[in-house]
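Chain IDs A, B, C, D, E and F follow the sequence of writing; residue 1 opens each chain.
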């Protein structure tokens, strides 16, 4: 299988992260995964959702948006808040919550805003990988402001997509690959190799356990590399 | 591990399906999985979404709702249309689309309405298992009305949940089990044992590939039994 | 006049009530009036609307919904919250409030949810008759939980429709009869024979005082029978 | 019973109608019933609702609104579109449709906008009485523009409220009277004395057939006078 | 240039103000500027927006609406809350806030509701001129109720429009003139001749500094006359 | 007056434009004016608004948004679509429409999306200056695709803000300066020095004609430089 950008089947696209991309946010970055570009920001607020009031715990949540012209076709601002959007922001929030010790946050909410500037497949997994970096930078600022004693992160979190396209198992699908995939899987993992989330979908025909095992192996390989990159980027944060 | 309803870890709850439950719908059933009760109906309309106009293909979509007092606490009608709702109805629609030969439907849409009357865990998987039955009955009516020549179903589709609770891997979680699960997985499968959708989520700590394999095995066992039940129920439809 | 279901003009359809239909609600029933089926539930919340705060009184309110495929034609979930819906839920709430001694409830709200599973005319009057039963069961539960001392019901409440179809005055109209009625009247009554609400509408031509008197007599006859049925059903509640 | 404005129990408030109140509308008036003031306008559009397309019939519909400060307390513009609003505009539309021969309108819709400038009880009945006048003036303009051959009105339509306050049966209630009424009834009538709509509501305790008969008699008396006034006002329209 | 209503280019339309037009509002008027008619009301509430809580200051805000048939073509109630509406109500609020000493109001909000009954150009400027009168009457009532010690108005505020139509600079444009204007300018001024707001828009081609100077001179002339009228009207308020 | 960034009173902030910033849009740029950063994109669609159908003309419109964390405080996505937003997008659309010969566009709409990535004052004027560049690049693409014969731009358009802060007249205000300004003015100009739009607002006290003249002179000086920059940037477009 020849990929249009010349990658081998088990190769990630080029990833570039610009930390502290926004002036006002406690944490932020621009993450570029090939042509996919997402601005991730982390904002702290001194409040928690109703169901946590008085429990002396924090909360981490996410919102996801796309610029109207991030895609091939312009999408109306009103139509942005669709089912797909809700699905993605729930996934991002859930994935990052698993890596935070909520008790140490105090009664505070950290909101991760993932805004897609340009889309070429994999926006939700780039959002997770980038949000983790914004989150750590935000927690670092909170520590410096004496809001917390230490950075309450229990593990690194990153994500990628894998899929079956024309019978070949591929790592990190572009939009073009994704749109003709038979199977599409998003995987969120921690540094130990354990999973936080697996969402596998047969787009055209059902997939077997064997196919799934190959896909998961490919995903683990990719995410391991993404986490190495995160560790390298964040090595100044102790 | 003792389950509060006395089941062994690999046992489904009692499933009861009342076919043709609604007078007006082309297909419908009431599916009861333990205390979880969902009305599934299938409605045909002579229209397709904009992106399919003129392509001579059909569409299958789903909507999901809960009666305000289907749960322990009353939930406002306005709050029903939340992110969770969108996530579920997208899952149900996607799962059933995989089993239908769209070209044979003509330019028609079948909408599967899944309305939860009473909730005790597993409402989304019961919705899938029940919707499949409503869908087949709807297609049968369409065939009798000469709208289609044959029932364009490529395979049986059913779903269940599995999870890890207090370290034990369990099949078909109740609400009580689900709310303390460490890992929660929804699996949609066809009769061949291949997967249509796998959604695994670490609620408290990441899960390993080994744990996942055990969970998938358990899910396959349960869904095989659900599909046998579907085959038995629908044996009058040729 | 021959009615399509063979009833005489002054005969109710068959009424069947399944009490305690829902597991979670404080009170609930499934009421079937011919082919019309409504799930009524009563939920208690420890709050009152703003205008009653601090007045040491309770409140009773109602919401009404229809399953998308309860009717001949599927109705979109978004279109459900129409003017007709608001009109009906205001009627149901008002009718039941008249029969409750609000001071005895304490600062609590009981919400009556009426969800139409299948519609064949008379859904609003079936909602009232069924809600009364759910309400009494809810109050009985509240008494057992020592929230109230006694059941603060001042009278029984039931409702039916009457109308003029092809010149004949009919009791308890089906959808088919209702859609060709010249006059359509919904009547809510208590056991003494007094009225809580009368809503008479000329659909095609104005009606005279004489016609109205005949219709009200017919309604009284029907409601008297419905209240007898309620008394019989609830005789275990002291 | 002494009424605060000195009226006897069977007396209407002073009614004043300013015809052709708005420059742009095909028909319009300002109706003042005591301190209650409503602007009614009738607008023609060359379209009908979907369910009437191609049936060669017209439609009459109504909308109702209140200026934010028409009442004692300011009501937010967003809160204006409540259940009460929907209930009233459905009543106004239904009442006037009964008096129009739809076939003669052609495929056109007449929208009656009733905007309450100042409220002191009886806004919905003033809206009906005033809308009838705006409707006739609108039809007269349509006839002059050769859109219709003759004015397709089958009868005069007017409305008032009656009620029981402190045991006394009163005609045409002010806001103060309405807010302490035990029974509140809105009646819409044609010139023959027949009814288009009767909506009687027990606000505090059920009412008997005898009480209802007295109330209806009072309403007939009042509406007869309102229709005389309409006839006098519209005598230039042939 | 001959204006269709015979005015010279530097002449205002006839202005008529009916003070205390509404019974319930603290201050109100009907302002008529030629065929443009706006009801302005001022309502006091014992609350301030969130950002002012605890600052011991008041707030003045405005809302703007149009009756559905105030214009040549009926405009749907739902479509009323458009961008244009928001733009206008922000302008009215800002203009009047400049003339009020907020500290003297206490923690109270005065809402100015401007409801256009009939539109013929200049509705936003008529809203400002009329709202000033309603505001002063409202403050006078507040002083009489001992809520404030003195009327905390720092200057008179009025507004008009000017524009270039067929090359001629005109004062106080009608709808017909406005719709063919090359330049359209709304000006808000105080009695000293200083400006509160200038909004000049080139509708067809850019305008020069010289043209602007002529337009502003014309506006000053008109507003000076409007403020004289306000002073005369309000001379009973000390 | 010492400005916090060391600029003299009549100096613009540093402006940087990255053309063709987005892959999918027909035209786009990232414009940075000091710390203010806005992504402007231009999208063509083969449709026009209803009021232009069949008139053989095009349309240019704008939408404006802010990333939730573009400001000091996070702003909810739902609260983004406020009155301020509508006011700004109407201003941007109007300003650019004046410079386009609509007849030459054919029945097409160009939508300018202005998304603020980071805000530090002057986001609306940066949106106008940047949108002009995106618009020209979009028209250039359209010409290359043979959709139009030539670039139908009649003049260059740019904008800046001016204001009075602590008595000093300043060009191109930062957020900090804007928030303490006594007068705030946004000016849109073409290369000839004529105006497209002037919006001057007294934030604390009214401003005189003399002050306005000084402000406009300052604005003209700044915009002249911005248009020189645009001309230089776009010199490859013939």
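Here is the rule we use: a contact is a pair of C-beta atoms (placed from the backbone, for glycine too) under 8 Å apart; a residue touches a chain by one contact, two chains touch by 3 or more.
Chain-to-protein mapping (UniProt): A, B, C, D, E, F = Ribonuclease PH.
A quick note: this is a predicted structure, and the numbers were derived from the prediction, not measured.
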For chain F (Ribonuclease PH), the least number of touch steps when starting out from chain B (Ribonuclease PH): 2
Longest centre-to-centre distance from chain E (Ribonuclease PH), chain (CA-based): B
Whole-Å gap separating chain C (Ribonuclease PH) and chain E (Ribonuclease PH), where each centre is the average of the chain's CA atoms: 51
Whole-Å gap between the CA centroids of chain A (Ribonuclease PH) and chain B (Ribonuclease PH): 28
Distance between chain centroids, defined by C-alpha means - chain B (Ribonuclease PH), chain E (Ribonuclease PH) (Å): 59
Residue ranges of chain B (Ribonuclease PH) touching chain C (Ribonuclease PH) (in the complex, touch as defined): 22-25, 28, 35, 39, 41, 43, 45, 63, 65, 67-72, 74, 77, 81, 111, 113, 115, 117-120
List of chain B (Ribonuclease PH) residues in touch with chain A (Ribonuclease PH) within their complex: 82-84, 86-87, 89-90, 94, 98, 155, 189-190, 192-209, 212, 216
